[in-house]
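Chains here go by letter, A, B, C, D and E, matching the order in which they are written, and residues are numbered from 1 within each.
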Amino acid sequence: DASDGKVKIGILNDQSGVYADFGGKSSYEAALMAVEDFGGKVLGVPVEVITADHQNKPDIASNIARQWYDTEQVDSIMELTTSSVALAVQALSKEKKRIDIVTGAATTELTGKQCSPYGFHWAYDTHSLAVGTGGALVKQGGDSWFFLTADYAFGYSLEENTGNYVKENGGTVVGAVRHPLATTDFSSFLLQAQSSGAKVIGLANAGLDTSNAIKQAAEFGIVQGGQRLAALLFTIAEVHGLGLDAAQGLTLTEGFYWNRNEETAKFGKRFMERTGRMPNMTHAGTYSAVLQYLKAIEKAGSDDADAVAKELRALPVNDIFAQNGTVAPNGRMIHDMYLLEVKKPEESKEPWDYFKVLATIPGKEAFIDPAKSGCDLVKS
Amino acid sequence: MPDMTLTLEMQKQKGRSPVIVQTVFLGVGLALLLLAPLFFYPVFLMKLLCFALFACAFNLLLGYTGLLSFGHAAFFGGAAYFTAHAVKEWGLPPELGILVGVAGAALLGAVIGFFAIRRQGIYFAMITLALSQMFYFFCLQAEFTHGEDGIQSVPRGHLFGFIDLSHWTNMYYFVLAVFVIGIAIIWRIINSPFGMILKSIRENETRAISLGYSVRNYKLAAFVMSAALTGLAGGMKALVFQLATLTDVGWQMSGEVILMTLLGGIGTLIGPLFGAGLVVTLQNYLATSEFPVTIITGVVFMACVLLFRRGIVGEFYNSRLGRKLGFEHRHKH
Amino acid sequence: MKPLLKVSGLNAWYGESHILHGVDMTVGEGEMVTLLGRNGVGKTTTLRSIMGIVRERKGEINFAGEDLIRVPLHRVAHRGLGFVPEERGIFSTLSVYENLLLPPAVATGGMTIDEIFELFPNLHERRNSQGTKLSGGEQQMLAIARILRTGVRMMLLDEPTEGLAPVIVQRIGEVLKKLKERGMTVLLVEQNFRFASKVADRFYLMDHGRMAGEFPVSELSERMDMLHDVLGV
Amino acid sequence: MTAAISSQNEAPRVVLSARGLRRDFGGFTAVKDVDLDVHHARVHALIGPNGAGKTTVFNLLTKFLQPTHGTITLLGEDITRTAPEKVARMGLARSFQISAVFPHLTVLDNVRVALQRPNRLATQFWKPLSALEALNAEADQLIRSVGLEKERNAIAADLSYGRKRVLEIATTLALDPKVLLLDEPMAGMGHEDVGMVSEIIREVARERAVLMVEHNLSVVATLCHHVTVLQRGEILAEGDYATVAEDPRVRIAYMGTEEA
Amino acid sequence: MTMIFGIPLQAFLGQLLIGLINGSFYALLSLGLAIIFGLLRVINFAHGAQYMLGAFLAWLLLSHFGIGYWPALVIAPLAVALLGAAIERTMLRRLYTLDPLYGLLFTFGLALTVEGTFRYLYGASGQPYATPALLTGGANLGFMFLPIYRGWVIAFSLVVCLGTWLVIEKTKLGSYLRAATENPVLVQSFGINVPFLLTLTYGLGAGLAALAGVLAAPIYQVSPLMGSNIIIVVFAVVVVGGMGSIMGAIITGYLLGVAEGLTKVFYPEASNIVIFVIMAIVLLIRPAGLFGRDA
């Protein structure tokens, strides 16, 4: 049974900074929806969700997480946008023996070297994005690539992963240019990409950088010129910010698209009513994570972290986010990813009707083979 | 000299001896800090102490040399990286790890200071800002910082080989000890013959040159000292949170430390302690509230500049009670 | 003579320090009055208070029937008062010509540029050079000329001869006389007693922020003792 | 007025000299081809109308400004390229035209700041302030010599103008310089102070060289052994006061035709 | 094909042109900064926020009132100028008598507040703003495809920069402004309302920033962060040019834009720090900046 008469879940993410749209307060809303859908109670005790803004600062995040664990009886922390925060909180959760489920951060370290018996990675990671966009696009004929890469570790790993998949699938990487983080003007780089003659320009960056690059690519007529743009970390939230005029023709990978089937559409609309925006994979992933966590508690008959972690690894995931998802020993939730293309404005029939699903990438392909992840938990 | 209004200081009054009052204050303060973990969350306290030391080190430069650095995050975050790396990758014990952080920050301070002290006032601020931005980009791209992930799971290790710092009481009292030592060093520097020269340079630089002082060297020395002490705070923070990330080197962090100093009272020894306490509490509080942090921070900033430039401690010194107790806070124009 | 400026009970402060302690004086229309006094007795402060540059002041400053105390600084000139400061205040970022044109005309009847250039041929010659490149004397001429253009009724001149070669001092004396012929009222602060005695109608003697005496130029020789006491002449 | 100074018998030694000194500001030449010799144990006056370049010459000699041309020699060493603080350490001390004290330090501290350097206390950041008490005796003597003992513990900013000038002279003397450059030391002083400072300068000059800018001609006449008149950056006349004062060009350019 | 440093001449020309476009924004922004600094002695940290405000206002006008680019090009800068003027009048003004650092700290707080507010209201990912119909498409210049809008940015910013410079250097208003920086009290005693001029100046500077923002809206994502990303670079531009020199700020803006553009070709990793490196070198050789007068 529940240790202290209630189950408490903390949603910790960036609500005022650069990732506020990527997850933000809407993730909290998604968690609330999951609790409601579950019935508000588990094992007969109420489920409570609290939230905090870590302002993108790992120290603030770990301070809050500690306080939550130590003084507020929080049983698990989820969302955790941005890698530095996710890694820090996962390390802390490991020490405190509490569950953390990451839906907002991308780094594969979470289920690799820095994996934790209590840590789970739910929605996506850099690897799945790379496989989705890199592998699937080549199959669609995009076999020569040029990368615009943010000049730091995150960008490199996206570029490297994607490049590998491009090559594995018989494509070539004709070049890459590294741009500094928070570049405002991409025209120089775009011209270089244009003159490379590659069929696909891969944007191995994130956030405002990607948005600006896409917008300026439209201005320079890159897509009209016959080249494809592929954003490696981009969600519907950012597409909405760009508008279809600029984003049309863009290819990207997400773990969720609301307009994929009836069920997802229903969820999407409910979410939209509550938050004013359609969910992206972080929001839907958070919903799924909370739901699955509660299911695991119920199955385990206790909110004890060890028991719940065991159940989380055992239970299949079936909800609006994942079908037949499984959780690997390293904590990675393995589920299908979707290669999406942004519609032309005239193709869009309703608000937020933004994507065509080009391909579904099966979970087994999308995520790193747990045995090769470098996580100690797998071998033992 | 343009920096007159920033040159606040505590002045002992003649006749009535404020030493006793101050000693009492000091004793009470220290006792409170020793007992604080009984009432407050220790990690929060440790964070506060780190930032307080950071702000005091920053104030050594602003309040006593009249130089506004907009790039102190480089030393703070830089030291955090150095310490984290030394402890995690080289396996150094915590005390040596912190020393590596201090040395790294001092070196960085020497480089940035070399360029910055060539100009004064606003130019100085701009140059430190730009150079620290360069360092930020360096940290973003360098291998050892692990980019966005940061250096994680930094082991706290055993102090002097036998005090286990993973236990929070040990860690807290270690941090407190380092803090007290840091403050003592700052106090000593300010109240030393060297500090007297810094003061006189701030008051009239040309005159100091004409007396034969190599003003640039003194400024550089003060800059490096401030950077090194900032590094002490940064290295300690890396151990407290067991991580070092990009947020600590960003220019917003430089802004934050200015806010702490301004709030607490520029040119007061312990003002920054209160400023840091307020800012850290505010951030923690706002994290779980509806209010967006940046807006509040911005408004506090503006209000401070417009309404109480002396800061909390400065206003106290200047109040009737403060004066009675023997503090005098001179606000100069 | 009808008084144009009447100052009574003027007190002025710089922050904490009380500089003027109840100054009383009158300047008649078309009169040229000189304020004498040692360094630091408050002569400049008197002029600056009348002009409104020193804002911390009390008392009455009646100019052409209006009390100036409550008039904001930038409106004072429009009442017909012009100020030529001790340090001349030539702008280095402006050319001589721009300097000359800087103060807006506050009334009709000011001198035209041609008249000014006729009065100060040096300025014409150097009209395109940078204001502060002029010699001290030329700068002084420029500072005076600048005000003449605006059509003010009264000029406050602060030590126009300070540090100038006697030749130039002489020339400025001639200019002042010409101005007087045209009906200009002048309140002059001077250290150079010899110069002042040649141009002034009347003298005020200032000491420690107060008026210590007043006499017309005709009584000059009788007052030498007093001058000696107060000025050390 | 006449110069009533008996010059020393021994051949005076040149301690500071400038040759062909020139300084341009943009297109404007403030100082032009100035040759200057300052002698040990002599008071040398530099006079001239406003803007003649006197302060600029001071700034050049003390290296606060870099000359466009020319060389400067101090105690036999070429200092044309030396930094100002280095020059000061070599024994060239100056005062400023606009009084230069440390406004928020006490009179005592002002003097001690100056004393700290020769006593090597300045860089000691590990010692308490009480280490400075070692300088008190010396400082107090200097303070007494300029008559500031009543204001010993006053904040410099609260001193009257004249007192500040005196304090500045005390700090300058604290450096125990070999050459003293004083920019209008009597400006703004009352009669009594003028007399006292004159006395101090006369005293000081027994052992040192003094170069001073001064507008107070009676001081120049009674105190100075040698006068150099500058005009528009160039030397107009040189010699003892009597010679210079009779020079018609000097009278026209500076003293005026009417009286001295 | 002619090659320059291993790059085809044509591509080289293209990159030069692109650098110039970037430089247009630097020039416009540093111009405003230089004016505010030159006349008010205030380092306007809020300049980035005002730039962002301009872009956001353009977007708000379009999305809420259907007001398009061309009217926005006038309305948004005017609105920001008015806001700036109001801030100067009520708050900034009290700081003139203090150390200039307080002006910097105040505007820093202002920037945080404004940016925080927009982030709170509109999120961080930004808003779309389409290129005005009249300026869509591009021209093939032979060596590159130049979007017409970018051509417009260069031309228009040049006109604005030169116009502003002419106003400040060559008109009566300009001479009041310049004189007021040297000796505000004296200028006031001549009968000129200097406080009003200062308000006007701050308004002008803020308006220029907003104008740059409107110009940027169709090129860059309209985001609350757009200002803070660019402002530090612009500070460096102003330091290199020499603070307070208006023409210096303009020329340096264009020059550094080009320098940065070329770095993006030859050594892209360094393109964000090249301006800081140039700044360090300039400071070593000419501490007052390329066009600055020594203080």
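The rule we apply is simple: contacts are C-beta pairs under 8 Å (C-beta built on N, C-alpha and C of every residue); 3 or more make two chains touch, one makes a residue touch a chain.
None of these values were measured; they are calculated from a predicted model.
Engineer: From chain B, what is the lowest number of touch steps before chain E is reached?
Structural biologist: Tracing touching chains, the least step count from chain B to chain E comes to 1.
Engineer: In contact with chain C and with chain D at once: which chains are those? Just list them.
Structural biologist: Chains in contact with chain C as well as chain D: not a single one.
Engineer: Please indicate which chain is farthest from chain B, where distance is taken between mean Cα coordinates of the chains.
Structural biologist: Using the mean of the C-alpha atoms as each chain's centre, the farthest one from chain B is C.
Engineer: Cα centroid separation between chain A and chain C, in whole Å?
Structural biologist: 77
Engineer: Can you compute the centre-to-centre distance for chain B and chain D, using the mean CA position of each chain? Integer Å is fine.
Structural biologist: Those two chain centres are 42 Å apart.
Engineer: I'd like the Å distance between the centres of chain C and chain E, where a centre is the mean of that chain's Cα atoms.
Structural biologist: 44
Engineer: How many angstrom lie between the centres of chain A and chain E, each centre taken as the mean Cα position?
Structural biologist: 36
Engineer: Find every residue in chain A that makes contact with two or more other chains and list them.
Structural biologist: In chain A, 16, 151, 180-181 touch at least two other chains.
Engineer: Okay, in this complex, where on chain E does chain A touch?
Structural biologist: Those in contact with chain A are residues 11, 14-15, 18-19, 21-22, 116, 119-120, 123-128, 130-131, 138, 144-145, 147, 149-150, 218-221, 223, 225-226, 229-230, 261, 264-265, 268-269, 271-273.
Engineer: Under the definition above, what is the set of chain E residues touching chain B in their complex?
Structural biologist: So the residues of chain E in touch with chain B come to 37, 43, 91, 94-95, 97-102, 104-106, 108-117, 119-120, 232, 235-236, 238-239, 243, 269, 272-273, 276-277, 279-280, 283-284, 287.
Engineer: Please name which positions on chain B make contact with chain E in the complex.
Structural biologist: Touching chain E: residues 2-6, 68, 115, 118-119, 121-123, 125-127, 129-131, 133-134, 137, 141, 251, 255, 258, 262, 292-302, 304-306, 309, 333 of chain B.
Engineer: Enumerate the contact residues on chain A facing chain E in the complex.
Structural biologist: Contacts found on chain A: 16-22, 24, 151, 177-185, 187-189, 191-192, 195, 207-208, 211-212, 215-216, 219-221, 237-238, 240-243, 245-246.
Engineer: Give the list of chain B residues in touch with chain A in this complex.
Structural biologist: 41, 43-44, 47, 137, 140-141, 146-150, 152-153, 237, 241-243, 245-248, 283-284, 286-288, 292-294
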